[in-house]
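Listed below are the structures to be examined.
You will see chain A twice below: alongside chain B first, and alongside chain C after that.
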Partner chain A sequence: MADVTTDVAATPSATADAPTGHTSALRLHLHIPSKLRNLELLLLIFACVLNGIAVVLVQLGALGEIRPEIIWLGGVLAVLAIGLHIALRFVAPEADPFILPAATLLNGIGIAEIYRLDIAAHATGWNADGIRQIAWTAIAMVIAFAVVVAIRNHRVLQRYRYIAMFTGILLLLLPMLPVIGYEQFGARLWVRLGIFSFQPGELAKIALAIFFAGYLVEARDSLSMVGKKILGVRFPRARDLGPILVIWAAAMAVLIVQRDLGTSLLYFGLFLVMIYVATARLSWVVLGLLLFVGGALIASQLFSYVAARFHGWLDAFNPDVYNAAGGSYQLVQGLFGLAHGGLIGTGLGEGRPQIVPLAQSDYIVASLGEELGLAGLFAIFALYLILVSRGMRIGFAGQDDFGRLLGVGLSFVIALQVFIVVGGVTRVIPLTGLTTPFLAAGGSSLVANWIIVALLLRLSDTIRNQPRLVIGP
Partner chain B sequence: MSELTLFVLRFGFLLLLWVFIFAIVYALRSDLFGQRVKRMPDSVAAPFPAGQAPTAPAAKPSGKSTIATVSNAKRLVITSGAKEGLEIELTAEPLTIGRSAESGLVIRDDYTSTHHARLLLWGEEWAIQDLDSTNGTFLDEARVTVPTPVPLNTRVRIGTTSFELRR
Partner chain C sequence: MNRELKRVSAVILIMFVALLCSTTTISALQVDNLRADSRNVRTLYDSYSAERGPILVAGKPIAESKPVDDQYKFQRVYTEPELYAAITGYFTLNQGTSGVEGALNDYLSGTANDQFLAKVNAILTGQTPKGAAVELTIDPAVQKAAWDALGSNQGAVVAIDPKTGAILAMVSKPSYDPNRLASHTTVNVISAYNKLLDDPKNPLFNRAISGDLYHPGSVFKLIVASAAIDSGEFTADSTFPNPSTLKLPLSDSVITNSNDGQCGAGKEVSIANALRLSCNIPFAELGKALGEETLRKYTTLYGFGADLAIPMDVTPSSIPGSLDVPQLMLSSFGQANVQVTPLQMAMVSAGIGNGGVVMKPTLIRTITAPDLTVIQPFQPEVFSNPISPQTSATLTQLMVNNVNNGAASNGRISGVDVAGKTGTAQNGEGRPYTLWFTGFAPANDPQIAVAVVVENGTSFGNAVAAPIARKVIEAVLNK
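Then we have the complex of A and B:
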């Protein structure tokens, strides 16, 4: 990359000396071979090859033979990913080159593991989660393609912040509607239209991130400059507490009505981090965490499902809790699976991840941990780390505040979701039902996360401005 | 397929996974450690001690107290350093300054941080913000700690380079 950046930088410096100005700079820009995109293509091909190898290893491990049909379907996805890459060459040539390959590899490893669980469950055709996951990935990539091509300037989104707010709240409330909303696994998070079911809360996180970014850019002065100092920490005025109370109430409503601790934690955490980044005041985080922990503790007293989650977390290995309905059976089996995997895993297709309930969605991390081991799981976390750090970088190097906040918010929401899921599976925090971004089986989650990828690509393109003047070598 | 071949294959897969990650980390190393600095030739390094004395009085005259705004500041002029005399036109966009190639004004010397400072608009007024740089940003020889409005024709110094905002 050092070579890339110095070369990109060196060319305009030559033009800055010349008095000709903008037109020549533009012409020169078109002649620069886009090295960022070439780097991306190289990494993308590498990622697609790794995805192919993963599927082949699953077939060798679980079936003992290679069946080409799934590999052909995976090839379609590779073509779509490269299509997205080609689109970037035209509409976002300076976009970050690491986001797309990392997302593609995560998505492909997820498909391989879901396919492996299909083999164990003898599922074929449309009943197989793996086939559906491939179809959803294709849809999600096409939508990401559309987002990158349609949104040429992210500042347009700032204009629609209040529309984004209403869309977000509407999406959150949809599952509570009587006819289309329905309940599954004890949480009311799904919307069903005919055979087509969807989890609208996943898309709500994007809408809410856009709203928070737009709102905080306007409101941060009144949120950060005034207030009384108590114990060296400046606390906000009572009248500025409005928004945090509204978001807290919404999070509590999700917790109580939809019975989903994870989603409620995700939205509230997103809001807290964005308000902290916008105002640089710790008091918001302190206040918010106190509110949330207080609310969650009261909820755990009032609602049996929250209490059961806490109980299953603290006392997981107690045989009574283990055998109880809604007890810690899933959690403990997941831990046994991880232990079985050890350092380098049993190998793809050679473990027994299917013993854990929901191994293909909520427990995909435990399944991968069993078959790829600690080394493989940490590689997956490193991919998330790369993805998230590239998003945070937009907040660091960006020039307009809306884009910076949106980049931080979108990447943080991925990080927080991974933390909530992995923390739950590894018994660091109470288990909550959230999807692992890109890995877990589920269409809504894939679509939402690929839209996030598209937005991050768009944002990263705008921050890589060409230097206007270069001083020095 | 023997046990051994399968073991080698799955171990190879893990290895490739990590090769992929280190390939990315290797490619983004300039983000982590900053751009590599070349030792400056003597001719370039020389103006630093000498350049300070003559430009400081030059900054004093005319319109010192007028804050630079979008309407009255049209250009940024380099007053000392390697590219002395060059100027860039100011638009209504913020200008980032640093060693990073993504900065609007790239300064590569031993004193500049990767993301050093930012020239931003406060309403209509231009202000300079230090981005926690190692060697600091100086407005009229006073170190900038909080975003400070920049008066017209007043020297802003970053490392060996100084510039002024002019009409």
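Then we have the complex of A and C:
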């Protein structure tokens, strides 16, 4: 990939004069990036303006006046996004122009709504989720910047697949270690820094996606070609079952020990989709789903909290379920909020999203649905779809299988996470405690999702420039 | 690999379509259900912090929202709170609502479906949405007269315009001060509310339309007489045996007339005289002769068992259960199983006065949006047509006789024919009576139909309830 920057640097001399076929093709190729980046800049400015307007509307709606906080509430994100954009011009000039603006807009809408909830809670300073969210956004985008700059060739990641696996599983298991000392230590560390707490599990999804992609590219032949046919479907050999069993065991451990159905579902779903794409064997998906559903059913029999989630989902309006501890109070209040917003919403700062517990994190979608209405929610879903479809495009158009698999995995994990969270809030599936990517208050989630953005940008950059570099005219 | 990617893309699409469907279901299709859920405090909070529309009587607000400097932005204020409490009801932060405040909350808070476009418009133009104003049919002079006339008695007065169904006065005593429930300090509201709830006199009851209901006693004879004459089975001159006591069949109970003697002189007594003198024994015999089915047919026509909203829900008057012969005979003079609201009895009088047509009673004259467009104009509606004009004319004559030469003498107003009927309902051995008067005036062109009920009475309807009704009628006629 290092060739790219050399190429760009060589632009003036290369385009100055050269009517021959070779150089005209080169010139054509060198014009596209600036067009892409200009489009990105335009969209980015539009996104930042919308974010600014959102904060202004929150202030007018909730406070009745415009306050100076607007400058850094809207400004920090805008400056960082433009900074990332400028970096892309140098290190990934052909990256997809839609990813960064979509993520920036989602992030900004999230900040506006979290700020709105801070106003309702009279939270100020570092107690305010909005301020912490801005700080985390800054940290996340600097990390994303570092990722884009540092990882010039994504294939490097393939080499570190087993390190990624250990990192991923370690991150996943950290919260469930019975080592209270660690948690205390961790907490102490962060308290000394003043403000933040961290959910290492969020980062695990990236590490696992990298591992899955690396491992599956290597192992897919043995996973897909060999095995007995039963009922017309080829099932894998027993010894090839190892990885899926390990992942299943990890997912079950998360479900049982960490009591987190959502995270468990997210990682397992990610794995299933990636193994399916890599091996083209539906039997893996069938097998995996059977294992997961079986495990979840047994868990729902054994553990009351899983059963409670199901009750709360199916019979939410029953007064007994509604009033029970851990019952459907939050779910039902969230539905009231969404209904209160109706088609066009109450307007930012005009609703009462603070009635719902965790309105700024798990329930940010209900909060936004109340204030922006169904129309606003559809716009947000559209933004996610743009983000996901640009990522899926890497899978379709990419040149190397590792990159394609990684792109698909990272995009799918965003889509699945949105589905699990919003589906839980709107009663499509039982409610689980995941964060909504980019929108919800929470540092670890922001960092993880911005790293995903950085990786998708890097991967998308290779779609365009790689063939030209390799094939050429 | 591309085939698998397409399938994964399809799965992603399906997931998002599922979310589009679920959010649409909640935010568009289920909105009314979710808003109506009693656990949804948003509706209430909203109605509290929007500028709630006023409730007006003759153009003057009896309930209005005044701006205050707290999180709810507006304070609900009731002028003449006790006088109108039975009508306005109360509007609290977290203890619910009642009366017009509750029944028309949608309109007052500006969230009714009729006001949707206005709400959108207000949002687009950056205005705070306002609620609609509700103008009542109440006549302040009549309301005041009813309030004063009822005095310190426990009971209710309700007056209707027989021609339109417009409710001119509605008083229930004891009353309460809804301002105390409109406080923004939750603790105060709860303590005031609990105090009212614990009060054995039940001040929160609107005795005119709900509460525990009353035995109608002799005023029920109007319905029995309607059934007898309108069914064609009897005329006003039909006669019945006239003993001074009557042992009920199948039981040892003996009934008497209110004077403990015969109903006037003679071996037989006509329906006309029995009504004029308000005798129980002839009506018990008449009821038995009519049968339960005919009796129920006419009670239903007059409004028994009907779900009526004025706009508050009116507890349906009823004769529960199936009646054996003694119960039928007791019910025929308004005892035993019969339970009514004062509004129901006012509707009976209004129907008789209005040529046999009962108009649907209502408190609402108009509902007007903040931009002065009328959302809901006043439209008199026919409720039922229980009796023919001939029956109505006959009954009117009987009721006028009852006032001029009979048991309802205290309803007389010089220069005007008042049609009326008194009642003194028994509530069991040793318990105080329920005293009644219902009627209309002027008899030939009724301007008002009224029902008065006084609880805990020790004398007769004519002594206590009739003078109250007379003052209410005078308030209308003196205008």
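What we mean here is this: the second predicted complex is superposed on the first by the 410 of 473 C-alpha atoms of A that agree within 3 Å, B and C clash if a C-alpha of one lies under 4 Å from a C-alpha of the other, contacts with A are read in each partner's own complex, and residues count from 1 in each chain.
Definition applied: a contact is a pair of C-beta atoms (placed from the backbone, for glycine too) under 8 Å apart; a residue touches a chain by one contact, two chains touch by 3 or more.
Note that the coordinates shown come from a computational prediction; the quantities given were computed from them, not determined experimentally.
Asks: When the two structures are overlaid on chain A, which partner does A:G347 contact: first (chain B), second (chain C), both, or neither?
Replies: both
Asks: Taking the superposition as given, does A:G64 touch the first partner, chain B, the second, chain C, both, or neither?
Replies: It touches chain B, and chain C stays clear.
Asks: In the overlay, answer first, second, both or neither for which of chain B and chain C A:F396 touches.
Replies: both
Asks: Just checking: does A:G373 make contact with chain B only, chain C only, both, or neither of them? Give me first, second, both or neither.
Replies: both
Asks: Name the contact category of A:A299: first (chain B only), second (chain C only), both, or neither.
Replies: Neither partner.
Asks: Does the superposition put A:A415 against chain B (first), chain C (second), both, or neither?
Replies: second
Asks: A:G423 in the overlay: touching chain B, chain C, both, or neither? Say first, second, both or neither.
Replies: Only chain C is touched by A:G423; chain B is not.
Asks: Would you check which partner chain A:L73 touches, where first means chain B only, second means chain C only, and both and neither mean what they say?
Replies: neither
Asks: Which residues would you name on chain A as touching chain B in one complex and chain C in the other?
Replies: Touching chain B and chain C on chain A: residues 344, 347, 373, 396.
Asks: What part of chain B is in contact with chain A in the complex they form?
Replies: Going through chain B, the ones touching chain A are 1, 6-7, 9-11, 13-14, 16-18, 20-21, 23-25, 27-31, 35-36, 38, 40, 44, 78, 81-83, 86, 88, 93-96, 100-109, 115, 118, 161.
Asks: Going by the contact rule set out above, which residues of chain A touch chain B in the complex?
Replies: My answer: residues 1-2, 5-6, 8-9, 13, 16-17, 39, 43, 46-47, 50, 53-54, 57, 60-61, 64, 97-98, 101-102, 105, 344-345, 347-348, 350, 372-373, 375-376, 379, 382-383, 386, 393, 396-397, 399-400, 463-465, 467-473.
Asks: Please give the residue numbers of chain C that touch chain A in the complex, ascending.
Replies: Chain C reaches chain A through residues 1-5, 7-9, 11-12, 15-16, 18-20, 22-28, 30-31, 34-35, 37, 39-43, 45-46, 120, 123.
Asks: Tell me, which parts of chain A touch chain C in their complex?
Replies: 273, 276-278, 280, 317, 322, 332-333, 335-344, 347, 351-352, 355, 369, 373-374, 377-378, 381, 384-385, 388-389, 392, 395-396, 401, 404, 408, 412, 415-416, 418-419, 422-423, 426-428
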